[in-house]
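Heads up: the structure comes next, in structure tokens.
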Amino acid sequence: MKVQKATSPNIIAFCCAQSAYQAADAAGFMRLSYPDNIRVIRVPCAGRIDVLHILKAFEKGVDGVLVLGCHEEACRHLLGNIRAKNRVQKAKSLLQEVGIDGRRVEMFTLAPNQGPRFATIASEMTERIKELDSMKPQG
Amino acid sequence: MDKDLKLGIFLCDCGGTLSKDIDFSLIKTKLDKLPDVTFVNIGHGLCLKAAREAMQKDIKDKGIDRVVIAACSPEFCENDFMNVIQAAGLNPYLLSIANIREQCFWAHPDKEKAAQKAIAQIGMAISKARFLEPVEQAEAPVTKEVLVIGGGITGIQTAIELSNLNLKTTLIEKEAALGGKLNRLASLYPIQAIPQELLATKLKQLAERQNIDALTSAELIDISGEVGNFTARIKRGKKELERNFGAIIFTTGYDTKFSNQAYGFELSDIIITPSQLEPMLMSTSEVKEIPGRVCFILDVGDEHSRVSTISALRNALGVRQKFGSEVSILCRNLKVDSATLESFYRDCRSQGVLFIKFDKPPKISNEDGRIRIEVEDILMAGQPISLPCDLLVVEETSVPPRDSDVLSSALNIGLGPQGFYQENNVHLYPTLSNREGIFFAGNCHADLDMMRALTEASNVALNAYQLLSQGKVTVEAERVAIDPGKCRFCLTCIRACPHHAIRDVRVNHEKMVAQIVDLACQGCGICTVVCPAKAIKFKDWSDDQILAELELVEG
Amino acid sequence: MARPFKETLSSEKFIVTAEVGPPKGTALEKTLHDIDLLKDKVDALNVTDNQSSVMRFPSLGTCLLVKERGGEPILQMTCRDRNRMALQSDLLFAYTRGIRNVLCLTGDFITIGDHKEAKAVFDLDSLQLLHTVRTLESGTDLGGNKLDGAVEFCAGATVTPEANPIEPQLIKFEKKVQAGAEFFQTQAIYDLHNFKRFMKHVRGLDKNIKVLAGIVLLASAGMARYMNQYTPGVFVPQALIDEMATAEKGKGVKKGIEIAGRLIWQLREEAICDGVHIMAIGREEVVPDILAASGL
Amino acid sequence: MIIAQRKPLEDIEAMLTGYKKLLVLGCGTCVTICWAGGEKEVAILASQLRLASKKDGNEPLTLEATVERQCEKELVEALKGSVQQVDAVLSTACGAGVQTVAELFPDTPVYPALNTMFVGMPDREGVWLENCRTCGDCFLDRTGGICPIVRCAKGLLNGPCGGTNNGKCEVDPEKDCAWTLIYRRLDQQGRLDLMRKYYPPRNFQAVIRPGKIEALPA
């Protein structure tokens, strides 16, 4: 199916259902506006997010990936968020290897009630990706 | 991915609030054209009873085999809709939800863009739906018996609470008598009772219960098995016994330790710890000479704990009442964290206990068999005070009981930075360990006063009750499952599972492979990711589903 | 002609040896100058073998120069760059050219040097090299074949008194004694308290073991701190670092000479050990000053 | 088990210049367990290669497969169909696996994606340690089960060098000094006499390379 392309850039946010996904909901509750180009994929824990998911996202043509999990020491599964952090680091270096700027992937942590933080992260990441896009050589 | 699917899409405009600016029928028209979409319906409140019944009917009538719901956040509606489609005869996991309320219409004021995003999100949900798989429910039997480790007041109370809930309980205590610290304390806080009398009452209650087996001089050797079906080996004298339990509760409490390194001097006849003072207060006849002035000192090493604050206040009052001595408490800053403790502190003051607060640790010297304390009192603008005293009571720090580390590594349960047991998530699940079916109560994992410890005792008993009361629990069977053919038995998942829910088994008595224990699995998906052979499938968060969602991202 | 080192060892004299480092390349002027300066002031000149795994002019070649100019050379041999065949043939050659002293070392590891990708040989270790010397002396080689003309060497070994833990080091030391090491040269020592304790242990084993304390010239407080942090088995006490720090800018070496001289004086005065081995590391020209400062 | 590590992507790309169709071929045994060349790593490498070539404007075909053991001819043989579809094979196996594929498919170039590092064991998650040099003349009976040939940087047989640094190795302060470990183990077992013995030079030709073992037919 063809869906109309979202306002560029395309950003995928993998959101832990324990925290970040709820923070995204909270942003909606509070009617906080953030760029509509963010596509949320809900996961049970940040520890479910795989380096491969991030790489595949870039294969599909996304411009940026956010990995959003619980604050440190607040993971329902103890170290899921720490694992996610390490995997984001790994993904950054794998992407650098193929010439994609590692700053296109970032991990942030949030609490379920941090709607404003979610909106800020979404906006800042969008700005960051726009800036990186503008630095890309044309043609 | 199944070839011929019958997708049913249910849109909800949330009582018309979402369709104010956007025509949902336009969205419906787009969705209608998609392959495999059998049915698209616009509802005005899918959370209403009538709408649900209609949905069930539609599912049945149209032969829908995958349900996509576009409504509010799955955080609110997922469980409900799972029940709805289950009632319609579908496996509840054949459901995919697009969040078009919180994460679309509520977040994006530009309704056109919000609608575009909604369509994209629905597209992602449809894409995911193609890869959904049923997850079956299964019943797992559980042993309706609980092991409580540690026979102090928390353990005793936990056993009594479990007994009240009709759960057979074995309470083990490594010492020869139950009661732990209650045997050795001179007073209690906040209960105004003689500790030994309170203990006697509790022991009497314990003895009356048919379903509590209290074993003293008993130590845990090891525990095998998983939640619902643990086997504990317990050593009692020369005998060793083996029993099965459905749940295990740690109430091992804490030990105390005086750190002479922090103080820079050793204990003596006139420098003692609270543990040495309490027996003197319990039988004053043993005290040869009544001390004229007694000083308590806190905060020389680390900041004092709740336990040591209470100890200092209780004993200061005890000394004041039993000996009539002059009593001072020297501390950096007394921390009272409840109205009850505040009033206890006021009591101490009104009964003549002096509080001296310092910034710089006091100088303590020995002078002709007496102690001289030199301190700058910050309440008196740092004025130096020279305080002679006959007895100095230093602070003891709480340390984990001696074999905590052995038990924790044997059972794969975590220890926190100070070596006490670490809760699964201290904020959300204060009495849960990282392993299903193993719980903590009392001071083995937190710095608690007695009332708080007793509250935890009843909480934790309810935790165990919830798990065991039916003699069986319903679990999702193989929700996360390891393909034995692909498993290389590299142990990566077994090492990585935060809940120790993966064990090794032999398939057909031949090949060793890892297998997930459904009852212990808490569904985080960490194993799925770490597996280097990609042998682990998380059925309702599979790679296929996640990648299918990505599929729709590009325009 | 210099006195054979073996004779010096059996005399009652307080022994002094100094280290000579061969050049990187073929310009031998400084090395020759150092040899001429020191050959009559010390009992033997000890020539390093690709020291710190840095490729240089060979130890054997430099020993020949020492010999030519009338000095008494000690040939350092490490096991890093040559296998047992090369080591044996070098020993045969050295003997025929009048080199009579050999110091058997394991050698630093390759990666600290300037040929980081080279193969580290280590076919033998220092102890096995000592045995090799003794085997060649008995008229056979390591393959058990009879030699047509044997060798005779005064063979020494090294020890690190400040190694941590010390016990395994002492076990190996004893094995070297049993293998017939005739003298020991130590890693740099600065703390005489520790060194005395080590020597007490050595004397307890065998009163006749000859130990030459390693004296490395300090050039600055920074160098002392660096060695404490990065050179295993070297410990410079804080008091000495502080003392080095009192030196005016550019006068560090002078202070270092003073300290080295004082250490040597005390080692001799209190008869702590049998002699010293001075390692000036590139500043061989100040060795006479050190000797003067020590009263020798 | 054999421990391997992936080569930098840059090196891999340099080998593969000009190929349009590739098979990335994993191995399901040692290199799966050490996270270097199992199905997961094959997927990551293939994804990287696709991303890299997409950036260059190419859209090459990248097939992925993993065999149980790439050093077994019969198991690799089964991949004939896939190999025939591609211009080159990129193997994420150890050197033995790469050579098996090369031998079976002599017409197709085979490239190594990994460096085979050593024989070792997992220490903790994601960390592997070398502890066997495959010297062919096992010495462990004399050293309390700790191999100085591989765990001492210099492979010393008669005790530590002078570089023991608080029980660590002078070559790499992150690593334990093998002889300190051996000393402690033998001391613990009351067997220090083993350390006091002199051990003559090793037989470096215990395995005449290339190694070959012929067992009697079973």
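Note that the chains take the letters A, B, C and D in the order they are written out, and that residue 1 is the start of every chain.
Everything that follows uses one rule, which is that a residue touches a chain if its C-beta (ideal position, glycine included) is under 8 Å from a C-beta of that chain, and two chains touch if they have at least 3 such contacts.
These numbers were taken from a predicted model, which means no experiment stands behind them.
Peer 1: In contact with subunit C and with subunit D at once: which chains are those? Just list them.
Peer 2: Joint contacts: the list comes back empty.
Peer 1: If every chain is reduced to the average of its C-alpha atoms, which one ends up farthest from subunit B?
Peer 2: C
Peer 1: Per the centroid of Cα atoms for each chain, what is the distance between subunit A and subunit D, given in Å?
Peer 2: 36
Peer 1: Determine the centre-to-centre distance between subunit B and subunit D, using the mean Cα coordinates as centres, and give it in whole Å.
Peer 2: Chain centres of subunit B and subunit D, defined by C-alpha means, are spaced 42 Å apart.
Peer 1: Centre to centre, by mean C-alpha position, how many angstrom separate subunit A and subunit C?
Peer 2: Going by mean C-alpha positions, subunit A sits 62 Å from subunit C.
Peer 1: Express in whole angstrom the distance between the two chain centres, defined as the mean CA positions of subunit B and subunit C.
Peer 2: Each chain reduced to its C-alpha mean, subunit B and subunit C end up 63 Å apart.
Peer 1: In subunit D, what residues contact two or more other chains?
Peer 2: Counting only residues that touch two or more other chains, subunit D contributes 40, 43.
Peer 1: Tell me, which residues of subunit A touch at least two other chains?
Peer 2: 52, 56
Peer 1: In subunit C, which residues are in touch with two or more of the other chains?
Peer 2: Expected reply: no residues.
Peer 1: Could you please write down every pair of chains that are in touch?
Peer 2: A-B, A-D, B-D, C-D
Peer 1: In their shared complex, at which residues does subunit D touch subunit B?
Peer 2: For this pair, the touching residues of subunit D are 28-29, 32-33, 35, 38-41, 43, 66, 122, 124-125.
Peer 1: Considering only the defined contacts, which subunit C positions touch subunit D in the complex?
Peer 2: 80, 84, 106-109, 111-112, 120, 122-128, 131, 142, 158-160, 163-165, 167-169, 171-172, 174-175, 178-179, 187, 232-233
Peer 1: List the residues on subunit D that touch subunit C in their complex, please.
Peer 2: Answer in residue numbers: 153-167, 170-171, 179-180, 182-183, 187, 192, 195-196, 198-202, 204.
Peer 1: Which positions of subunit B touch subunit A when the two form their complex?
Peer 2: Result: residues 34-35, 73-75, 99, 101-104, 106-110, 113-114, 116-117, 119-121, 123-124, 126, 414, 424-429, 434, 496, 498-499, 522-526, 528-530, 538, 541, 543, 546-547, 549-555 of subunit B touch subunit A.
Peer 1: With touch defined as at the start, can you tell me which subunit B residues reach subunit D in the complex?
Peer 2: Those in contact with subunit D are residues 486, 488, 490-492, 495-496, 531-534.
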